[in-house]
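Note that the chains take the letters A, B, C, D, E and F in the order they are written out, and that residue 1 is the start of every chain.
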């Protein structure tokens, strides 16, 4: 079995990002790294991904987690209110 | 298979919108783009959409995600308290 | 098929309401309009409603969405702390 | 069929309560009134209650909704920090 | 059938605790008392507990409720930032 | 049966951590300790872990709980905004 590293849980060890787009990408990453911390085997992850990504209920459940992670990241960044787009 | 672009995750790279209506539309868009980031194939997305949109539990689950995204967007916009409707 | 209008998502384009009761009604409306944005056909909506409203798990799931929407609306209104009942 | 009144959604039209205990009771009431707004028929509600209250997953799902409602009520009341117990 | 008391919902009628550990214990208690408010019969509760506590999905669902309750309690206590451990 | 200790619920009795990475690890720990508080038997936990960690829906549900716990911990730490990485 191929092992997926279980750390870091938070890449670059910060919640601060330059833009909302980067914050959104971080939300996805945090959610994925949580999963990796619970399941290290690449083959199991690959199979699981094939399963949930073809099931609309799996995609909705995963997008729910991303939304919760993003809420935290957005608050951490003051919602990027002062950012120049 | 037709590929759906996986970015941007946040259109216009901002959470700030002029009105609650626009913020609500953004919430729906963020949720959809999360799904696109996990599943790029248009045919799979189209089939999945046909499935969950005809299932009341799918619609409730999806509306839950929209509610969570909207909470973040509403906070980012100070709840549009000063907006003139 | 009869088409349900998909907009507005936010009636009157504001989260501000006079009272908690009105805020609660708005929470229900926001949740319903999310569903309408995903499913426009009245017959599908009517059938789905008959299904989930007779299933305690459907009612609990829907009430969960209302609770999340209401949290946002209540925050937007400063919890109506200064309101005279 | 016996009809359950669908309003008020918020008894006494306020989120302010004297104590956490009262706030918790209000959380339960808000969740129940959401359900009543979606299902008016007493017999359906009574049957549904018998079903979910004997299913641990139903009880957990319902308690989740209460927790979300309570979060809003507790914030509205400043967590009753100044209350004398 | 043995009856479980349905009150108090909030032991000692306060969300304030001395430490995070106590706050966490209160979160578990609040969740349990919610369940008791919906199901008074000890035998049903005991059977339900045996069921969900042997089902990983039941344990995950229950731990989700504890997390939501704890968020409220932690906010009420200012996250115990000034506490001496 | 081997018994898993049910306390502490919060290791070191604090939500304050030096870095986001540590906060994320604490979120996972809090979620796990919730489960231990409900199920003390190591064999049941081990079996349950094997089950949910091979089921993408189990992994998504568990990562959702981690996200909720992390939101609380991140708020407690002021999102580590002043931290030097």
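The rule we apply is simple: a contact is a pair of C-beta atoms (placed from the backbone, for glycine too) under 8 Å apart; a residue touches a chain by one contact, two chains touch by 3 or more.
Values in this document were obtained by computation on a predicted structure and should not be read as measured data.
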Fill in: Shared interface partners, meaning chains that touch chain B and chain E
none
Discussion item. Just to be sure I understand the contacts, which chains border both chain F and chain A?
Written reply: none
Worksheet item: What's the fewest number of moves from chain B to chain F, given that each move must go to a chain touching the current one?
Response: 2
Worksheet, complete the sentence: Taking shared numbers over all numbers used, above half giving same and below half different, the chain C and chain D interface sides are different
Fill in: Separation of mean Cα positions, chain C and chain A [Å, integer]
28
Response to the item:
Rounded to the nearest Å, the gap between Cα centres of chain B and chain C is 16
Worksheet entry | Rounded Å distance, chain C centre to chain F centre (Cα mean) | 33
Discussion item. Where in chain B do residues touch two or more of the other chains?
Written reply: 61-62, 64, 68, 71, 75
Worksheet item: Taking the complex as given, what residues does chain E use to touch chain F?
Response: 19-21, 23-25, 28, 53-57, 59-64, 66-68, 70-71, 74-75, 79-81, 83, 85
Worksheet item: In the complex of these two chains, what residues of chain F are touching chain E?
Response: 7-10, 12-16, 30-31, 33-35, 37-39, 44, 48-49, 51-52, 58, 61-62, 64-65, 68-69, 71-72, 75-76
